[in-house]
Amino acid sequence: MDSTIFILALLDGVSYAALVFLVSVGLSLIFSVLRIVNVAHGSLYAYGAYVAATLSLAVAPISPWLTFPALLVASVAVGVVVGGVMERFLLRPVYGREDVLQLLITFAVFMIMDNLQRLIWGVQPIFASTPLKLLPNVSVLGVSYTSYQVILLPAVALLTVLGLRYFLRHTLAGAVILAVTEDREAATAIGVDARRVFLVTFMIGASLAALGGALASPTTSLVPGMGADMIVLSFAVAATAGLGQIEGAAVTALMIGIARAFVIYLQPEFEVLVPYLIMVLVLLIRPMGLFGVDKVRKI
Amino acid sequence: MQAPAQTSGSGLRLAIVLGLVALAAIVPILLPSWATLITLVAAKGVVVLGVIILLQAGQVSFGHAMYFAVGAYAVAFWGRHMGPGDLILYLLLGSAAATLFGAVIGLFVVRYREIFFGMLNLAFSMVLWSLLEKLYHYTNGADGIRVVRPTIAGIAFQPETFQYALLYVTLVIAVVASYVAQRYLDSPLGHMLRAIKSNETRLEYLGVSARRVLLIGYVLSAFLCGLGGALVAVAQQIATPEFGYWTKSGEFVFIAILGGSSSALGAFAGSAVFEIVRFYAAAKLANTWQLILGVVLIAIIMFAPNGLVGILNRNRRNAEARR
Amino acid sequence: MSAPLLQARGLEIRFGGVVAADGVDLDVIEGENLAIIGPNGAGKTTFLNISTGYLKPLAGTVTFLGQDITRLPPRAITRLGIARAFQIPQLFLEQTVMENMMIAAAARSGETSGWRRLLDRPEREEMLRLLDSVGVAAFAERRAHELPEGQRKLVDIALALALKPRLLLMDEPTSGVASSEKMGVMDILVAALAREKVSSVFVEHDMDMVERYAHRVAVWSSGRIQTVGPPAQVLGDPEVRQRVIGI
C-alpha cells in the first residue's frame, strides 16, 4: 500500500468517524439516562439528512452560504420536534413497563418513520452537496481532500465531546442529568423532575443523531435504508465503547471508522463486516465495552 | 403459555385451535391467493414461537433472524449445489443447520443477560448478514439464491397443487411445533427457563445452572427459527440476506408482542395480523404497510398489554362475568 | 465429639475500606441450631454469602463435610447439601407456589426433562405436605407475587427445605412475619428441622428468638467472632449485652 492510499484511507476514516460518533453519542446518552435503546435513532439521522437537504436546496439559490445555517436548523428542528413527540407521547406512557415494550415502541416509530420517509422524499437518491463544494480543498501530506470532511466534521465532533463534557460536569442542568443517571429514585426524592430530564435528554440525543445526518447530507446521496444501516452501525460503536461513554464513543468511532476505511481499500467486500466483527470480538471479551465500567450485580 | 390455573378453559382452547386450523386449511380452497399467505403466516408463527421461548426467560434477542436466515440458506445452498431436493430433506437441513449454529453461538451468548444478551445476538446476526450480502461469489449477494420447488415425500407437484401441499405440511408442522413448545414450557426445564426471568439467584441456589437451562431454551428457539426459515424459503422460492437483517429480527419480536408473548396461539395470531396487513396494505394502500403496522403495534402496547390473545381472554372473561 | 458439619477458618473479606470479616473461625456442629448475632452491618450476612459461594473471601477456607467449598459456585454448594433462605424472600414470582416448590423438587433430583410435565412429578404430595407444615398450603395454587410478605418468607424457607439439605442457612427467618405469629412459625420451623435432621445457622436480631431456639450463639462484631456458647451464658455476659444488644 503506497503512502497516498494510506493517507487517503486515514482521512476517509476520520471524516466518517466524526459522523458516526455524533449519532452514536446521542444513542449512548439516551441509553445511559433513560435505559432505552432507541431503535428509531437511525431514522432521526435520516430525517436530519433529508430535512437538511430539502432546506439547503431551497435556500441555496438565495445564497449558497445559507446552507450552513440550514444544516443546523434542520438538526435542531428534527431533534426537538420528532424527539420531543416520541418521548412525551410514546415513551412516557410505558415507563415502568417491561423493557421489551419500550424497545418495541421505538421499533414501531422506526417503521412509521421509515415508511413516511419514502412517502415524503420518494425512493430516488437525493444530492445536496452545496456546503461541501463551498469550502476549499486542503492538502494533507500531499493528498488533496475537502476541508468540509477533514476539518469541519472532525471539528464539530470534537466540539460535541467538549461541549457535552462541559455541559454534564459544569452546569446545573448537566449535574441534574448525571444525578438521574446515577440513581433515579434518590434524585427524584431530592426534588429532581425526572420527567423533564428524560424529555430534555431525549431531545439532545435526537438532535445529535439529526446533526450527524444533516452534516452527512452534503457528502453522500440520500437513499431509503440509510437510517436502518446507521442505527446498527451507531449501536455497534456505542456498545463497543460501552453504553454511556462519551469520550469512549469518540475513540471507538475513530477506531471503527479507520479500520473500515482501510478495509475498503484492501478488501472492499468486507467493508460492512468490519464494525460488527469488532463489536462481536469486543463484547465477547468485555461485555461492558472497551471503556465501560464493570458493574457488580447487586442482589 | 402460563400454565392455566383453571383447566375448564383448556377444552375451549383446543376447540379454538382446531377451528382456526380448519379455517386455515379450507379458506385457501375458496380463495387460492390465500394459500401462500397462510403458509407464510404459519411458517413465521413457528419462528415467533422460538422468539417467545426466549421471552419466557425475560431475554429479548434482536438477532434471531440469523437462525431464520440460516434455515433458509441451508435449503438454498443445497438446491444450488446438489440440485433439487425433497421438502422433508430441506426441513431437516434447515432446522439442523440452525440448531448447530444456535448451539455454537448459544455457548457465548447465554453468559449474558438483558441488554448485553440482546446486543451480542444483534452483533452475531449482523456479521452473518454482512457475509451473506458480500460473499457474492457464494451467495449472489443482495439478489439472493433462488429455491427450486422441491418434491414432497418423493412426489413432484404442479405449481397449483404444490402450494396446497406445502400449506398442509406447514399447518401440521405449526400444530406439532406449538404442542412441543407448550410441553417444553410446562416441563421442569421450561419452568426453570421461566424462573430465569423472575429470579435467577434463587435458581442457582436450588442447584440449577441457569446458563445450561438458558442454552437449552436458546437452541430450541434457534431450531424453531431455522425450521420456519426453511419453510419460508420454499414458500417464497428464494433466500436473500434480508432474511437475516436486524429489521427482520425486530419484526419477529414485534409479532410476538403483538399476538401476546404468553401463548403459542399468540404467535400465530400476531403472525396472521402482521402478514395480512402487509399483504393488503402493500397491494391496495400505496405501500403504507409499515406505517399501519407501526401504529397498530403502538396501540397494542398502550391499550392491550397482553397482545391480541389478551384481548380475546379479556372479552371471554367479561362475557362470563355478565352471565 | 463428632467433626463439625461446616468449618470456617481465618475468613477475611472487606468491602471498600470496611472490614466485614478479619480472621473469622466458626464451626457448625451436626444437629444444632446456631444463631449469629451482632450489630447491624457487622458482616453476619456476609458469612452466609461466603458459605454459599456467593462471595469469595480474600483469605481463609470453608469446609463442608470435610470438603473445601471456598471457591465453589452457589449451585455446586447447594448440591452438596447446603440450602439457603433469604432475608428478602427469593421466589419465582410469576409462577404458582406449587410450581416454585416443584422446581425445587426437580432440581433436587437432577431432573432435566423438557417433555414430562413438571406438575405431574411424583413429589407433588410431598411438597404439599411441606407447604402445609409451614402453614402456607392454602396458597399452593396462587402465584407467588400475590402472597403477602410474611407468607412469601415461609415459602422461601419451604423452598430451601424442599432440597432436603444437611444444613440450612437462614437470614432473619421471621422478619416480615407478623410479630404475633413469630413464635408459632419458629416452633414449626424448629420442629421441621429436628424431624428432617437438618442443622441450621440463623442470623437473628430478636434476642427472645435466640434464647428460645438456638443451641449455641455466636457473637459477630468488628469482623470477628467475639464469643460462642450456649444462649444463657452468652446473653448473660454484660459485655455482650452492651456491645450487641445495647443495654
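Chains: A, B and C, in written order; residue numbering restarts at 1 for each.
By definition in this document, contacts are C-beta pairs under 8 Å (C-beta built on N, C-alpha and C of every residue); 3 or more make two chains touch, one makes a residue touch a chain.
Everything numeric in this text was worked out from a predicted model, so none of it was measured.
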Of all chains, the one whose CA centroid lies most distant from that of subunit C is A
Using the mean of all protein Cα atoms as the middle point, what chain has its own Cα mean nearest that point? B
Once you find the CA centre of subunit B and the CA centre of subunit C, what distance in Å lies between them? 43
Centroid from C-alpha atoms only, then distance subunit A to subunit B, rounded to Å. What do you get? 32
Between the Cα centroids of subunit A and subunit C the separation in whole angstrom comes to 51
For subunit B, residues contacting two or more additional chains: 201
Given the complex with subunit C, which residues does subunit B contribute to the contact? 2-3, 5, 183-184, 186-192, 194-195, 197-199, 201-209, 216, 220
What does subunit A use to touch subunit B in their complex? 37, 39, 90, 93-94, 97, 99-101, 103-105, 107-112, 114-116, 118-119, 228, 231-232, 235-236, 239, 243, 269-273, 276-277, 279-280, 283-284, 287-288, 299
Please output the residues of subunit C touching subunit B within their complex, sorted ascending. 52, 73-76, 78-79, 83-84, 90-96, 99, 102-104, 106-108, 111-119, 121, 141, 159-160, 163
Report the residues of subunit B in contact with subunit A in the complex, numbered from low to high. 55, 60, 62, 108, 111-112, 114-116, 118-120, 122-124, 126-127, 130-131, 133-136, 201, 245-247, 250, 253-254, 257, 286-291, 293-295, 297-298, 301-302, 305
